[in-house]
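I'd like to ask you about the structure that follows.
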Amino acid sequence: MYGIGILKGLMVTAKNLVRKPVTIQYPEERVPQASRFRGQEFVWYVDRCTGCASCAKFCPLGIIRIETDPNGGNEQDGGTYRVDVFDIDQGRCMYCGMCVEACPYDALHMGSNFEAAQYRRQDLVINVEVLKAREKHPSTWYRPQLEREKFDPFEGESKEWQDAGREKPFWHPQRPEMLPDEGDTRPTADGEYK
Amino acid sequence: MTTAVSGSDLAEVLGQRLFHSVTNSDAGAAWVTPEALLDVCRFLHDDRAQAYDLLSSVTAVDYVEFFDVVYHLTSIARNAATVLKVRLYGRDAPTVASVTSVWAGADLQEREIYDLLGVTFTGHPNLKRMLTWEGFQGHPLRRDYLEPPLPYTWPHGG
Amino acid sequence: MSPLKDNSIFSWTYELVADTLGGPEWLAYGLGALAVIMVVVNGFLLIGTIFTWMERKVVGRFQSRVGPNRVGPFGILQAVADAVKLLFQEDIVPRRADRLLFNAAPIVMLAPSLLALAVIPFGAGSYVADLNIGVLYVVAMSGIASLAVLIAGYASGNKLALLGSMRAVAMLLSYEIPLVMALLGITILAGSMSMVDIIAAQSVPFVLVSPLGALIFLIAMSAELNRPPFDVTEAESELVAGYLTEYSGMKFGVFYLAEFSNVVLAGALFAILFLDGWEWAILPSHLWFLIKVFGFLFVASWVRATLPRMRIDQILTFAWKYLFPLSLVNVLALAVETIAWPDPSGLQLWIMVAINWAIAAAAIPLLSLVVHLGEPARAGRRIPLSEEVF
Amino acid sequence: MHTQPVIVNIGPHHPSTHGVFRMRLTMDGENILDVEPVIGYLHRGSEKLAEERHYTQVITLTDRMDYVASMTNNQAYVLSCEQLTGITPPDRGMYLRVIAAELQRVVSHLVATGFFLQDLGAFATPLMYAMRERERVLDLFEMLCGARITVSYMRIGGVFQDAPGEFWPALRRILDEFPAFIDELEDLISDNEIVLSRTQGVSVITGADAVNASITGPVLRASGVSWDLRKAAPYDVYDRVSFDVPLGEHGDNYDRYIIRIREIRESLKIVEQCVAQIEPGPVRATTAMLFRPPVGESYVPIEAPKGELGFYLVSDGSIAPYRMHARAPSLINLTLLKQMLVGWKLSDAIVSFGSIDVNMGEVDR
């Protein structure tokens, strides 16, 4: 009463006057992002992708367009589907991450960028070439394996496709460089367990 | 924990007081006739043993052959909840009495249903379109609603 | 009554034209006067502009923000950037506006505050005119600003603007009276309405001698200036921008500048009437004056950053039921004291200080009790601490 | 003197209509004679969109209904889905949900309080303070799920993933530092004479009126009706934590404000207990992203920050809901708007509207 409450309020603002302001001067400094940040620059590993289009099916907005071509050779011998078209319309994307969650082979990851502004809407559509060429800095969203190894999408190096998945890839006769690890219990090329 | 009063229990209660008001009931809900709805609601609201004083939610579902108007009732005093439904046949002008005289909270919700599903509530004080604009054609939440092909213009804007 | 002759800027220009260049005397007199006006008006508007920047900066800091900091060092050129932006903005006159009045309003707003400058002494010997009715003149001029608000609101042809300007007029009518009463107390004390005489009379600053007067002056002035908590005329959350709603471009800029200049003017008035004007030790008089004015401005920003807005009926009730009786008490006390000691010596002045502070300390709570000020509209605040349910 | 009433449109573009609400006020000078709320400017047809998306995808739609309280929207929706399918989430998942939901309540109440005081004309200072603290909670959300506002954190059968390691110390810090901030906010505002005179006794809703008009949440409790679904129908793990339900007595604007402040404190208490009780384990029941629930319907009301929020789901056995209806507390709390405003002044109208704390995303859906 009698203005005491007002004086109390004035004291609170005075206290805040001498505090450090919380403003972050955006272009020069940035808010520290969490490693799970769901952002632009989707990371896509062509070597992991089978072209199953799960991501497209699970996108709530239907903004992923995939066209595949089964002419990579005989599937029995390891010939895979070739992904001809992989368009993600970032202009309509809401970065919910359903596509990443749906991907059964950990081929698609969220990125961490948030600044991909363009002058035209069609420039926001990223296509397969862009996705292939991009630096691979996957966000750890829905990727517990990256989180376990404390992968930092902002500082860390570009991630190879072999290391991005939840499991080591199968050894394959057409890819002899991928020898199974010691103690790996998965079948070898002959279909036998080690 | 809120007691969920099953539809059959509710039907039993209603059957004792308001004859022929209940058409059907199952574990989830009790269906009453459109004519009896207002009496049923008044009874459920006023009766000491029922005391459904809070109308949680009113909504409607379009089952193509008929509409179900769904009332979720809650009794704060008894901490009980139940579901009441009214089945309206016909797609042209499904009509049911408004319960705004019993629960004022039905006001905006009934307007929304009228707007989006085209169920008319007789006795509603201000039954106008709410989410869409005046002059909007059709009721968008009906299963057979089709957006007019582009480009289209509406009488008022858009 | 001819202080121009003593003015250094005037005499320098006069001598330059009349003696060095050999021009006619009327020209030298005219140019000399013009030079004084140029310096005073532009200096004043510059301070007003600096205050627009300062307030944003200070309020920003009060709110844990940084405030403008991009244009120039510490963002000090922000006001310039805003002015440039406003200059390039499209000048819109609404179709339903009264064109003539709509265009006239900003000028009516800015002109009186510049006119009032004439009697403000900015430092020892630095004033345009020493009117013997200086205080009355300033009050008369500051009243015109509210007329401009009314014109702007009416001419905009906008309901929100009209509401805002109606509020402004209601507030002006109510707060002019306590304001004048507060100044009356000063006049009684100083025995003169001339600004220079008032400063000379303050061997003890009047803020100490007449604390009630200072308080009433501050409150009434913030109402006159539409500053929080009395900013109902602009009331951003209610009336969008009040009477400014339809203004854009430089017309808006003039309004904005006038508003802030008026605050600077109020600060100058407060410094003169209550803080002993330019006088104090060590520093040059102009600097002291500036420091006092900016102290006032800082407090104004502080209040703005803290207080919510009052409702218009509460504002009027406050003025009539509380501030007006309080100002009567103030005038009465000062008048009685002046009769007792017509020409108070140093000690007598200090006794007056003690008496007046005691009166203030008694009158404020007593009056609050009588008019139930600050008490809630309902009895007590009985929010029970929570309880377990079910 | 005979004067003509004047009709003033407040909104849809107005600084204090919390989005795109529009009030058509009939006024006699400053006094309000009649109010007609006009809504629908943000109608996006979420309910129709949900009919074409499968159950998991709908979670992203619920984020966008009440966009300052996405977590609770998620929670209401997944609880309804769980009732439909009969899935029970594991304990840790439920605890994480409650922690997230209570933090969200803190955020929502902070925003409500900040904007309420902004409507009072406090020149953004309380709002800035509220936003400053809100950011810190949103940082936690970013750690949890990679997004700050549209979180999509919860899944049918739990939450999408366990909280990362850095979440717990950060949460601890918030829990330690928040009470001091709430005290500061109260110092700034709660005893301020201007706030008291502006809000106390203004726009009173009686308990009986509030119940009859289906008003729920803090607005109902400010009117003195003790009805909190966290107590009345405990979902997730609310039956394992103890907390109080703050009640108002007068049902005026001030009570609606102070109730929210007190609820923030209670929410922090709940989070505190959850942190103490939570144990390691799975966070998500084994569910497919794409599933077909049995034919049936479900409605699980929860105590969202704004009131009773429930999703009425009708399943026809397909992958997408046959009908989804959101019982939006923001919309239904507007029922009594006219009664609240008529007879008061324009300034009160703004403040009373702010005190209901509506979110236009939820009103229009």
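Observations on the structure shown:
Chains here go by letter, A, B, C and D, matching the order in which they are written, and residues are numbered from 1 within each.
As a working rule, contacts are C-beta pairs under 8 Å (C-beta built on N, C-alpha and C of every residue); 3 or more make two chains touch, one makes a residue touch a chain.
What you see is a predicted model; the values in this text were computed from it and never measured.
In terms of the distance between Cα centroids, chain D is separated most widely from C.
Every chain gets a centre from its CA atoms, and the centre nearest the mean of all protein CA atoms is that of D.
Chain A and chain C, compared by their mean Cα positions, are separated by 59 Å.
Mean C-alpha position of chain B lies 25 Å from that of chain D. For the pair chain A and chain D, the distance between mean C-alpha positions equals 31 Å. Counting partner chains per residue, chain B has residues 79 touching two or more of them.
Residues of chain C in contact with two or more other chains: 62-65, 305-307, 373-374, 390.
The multi-chain contact residues of chain A, meaning those touching 2 or more other chains, are 1-3, 6, 9, 12-13, 16, 22.
Chain D contributes residues 6, 8, 14-16, 29-30, 117-125, 128-129, 132, 188-189, 192-198, 200-202, 226, 228, 231-232, 244-250, 252, 254-255, 258-259, 262, 266, 345-348, 350 to its touches with chain C in the complex. Across the interface of their complex, chain D is touched by residues 1-2, 28, 53-57, 59, 61-62, 70, 72, 74, 76, 79, 81, 83, 103-109, 112, 116, 129-133, 140-141 of chain B.
Of all residues in chain D, only 39-40, 43, 45, 47-48, 209, 211-216, 225, 227, 229, 232-234, 239, 296-297, 299, 301, 308, 310, 312, 314, 322-323, 325, 327, 331-332, 334-336, 364-365 touch chain B in the complex they form. Put simply, chain A touches chain C in their complex at residues 1-3, 6, 9-10, 12-14, 16-17, 19, 21-23, 25.
The part of chain C that touches chain D in the complex is made up of residues 59, 62-65, 159-160, 163, 166-167, 228-229, 231-232, 235-240, 304-314, 373-374, 376-378, 381-390.
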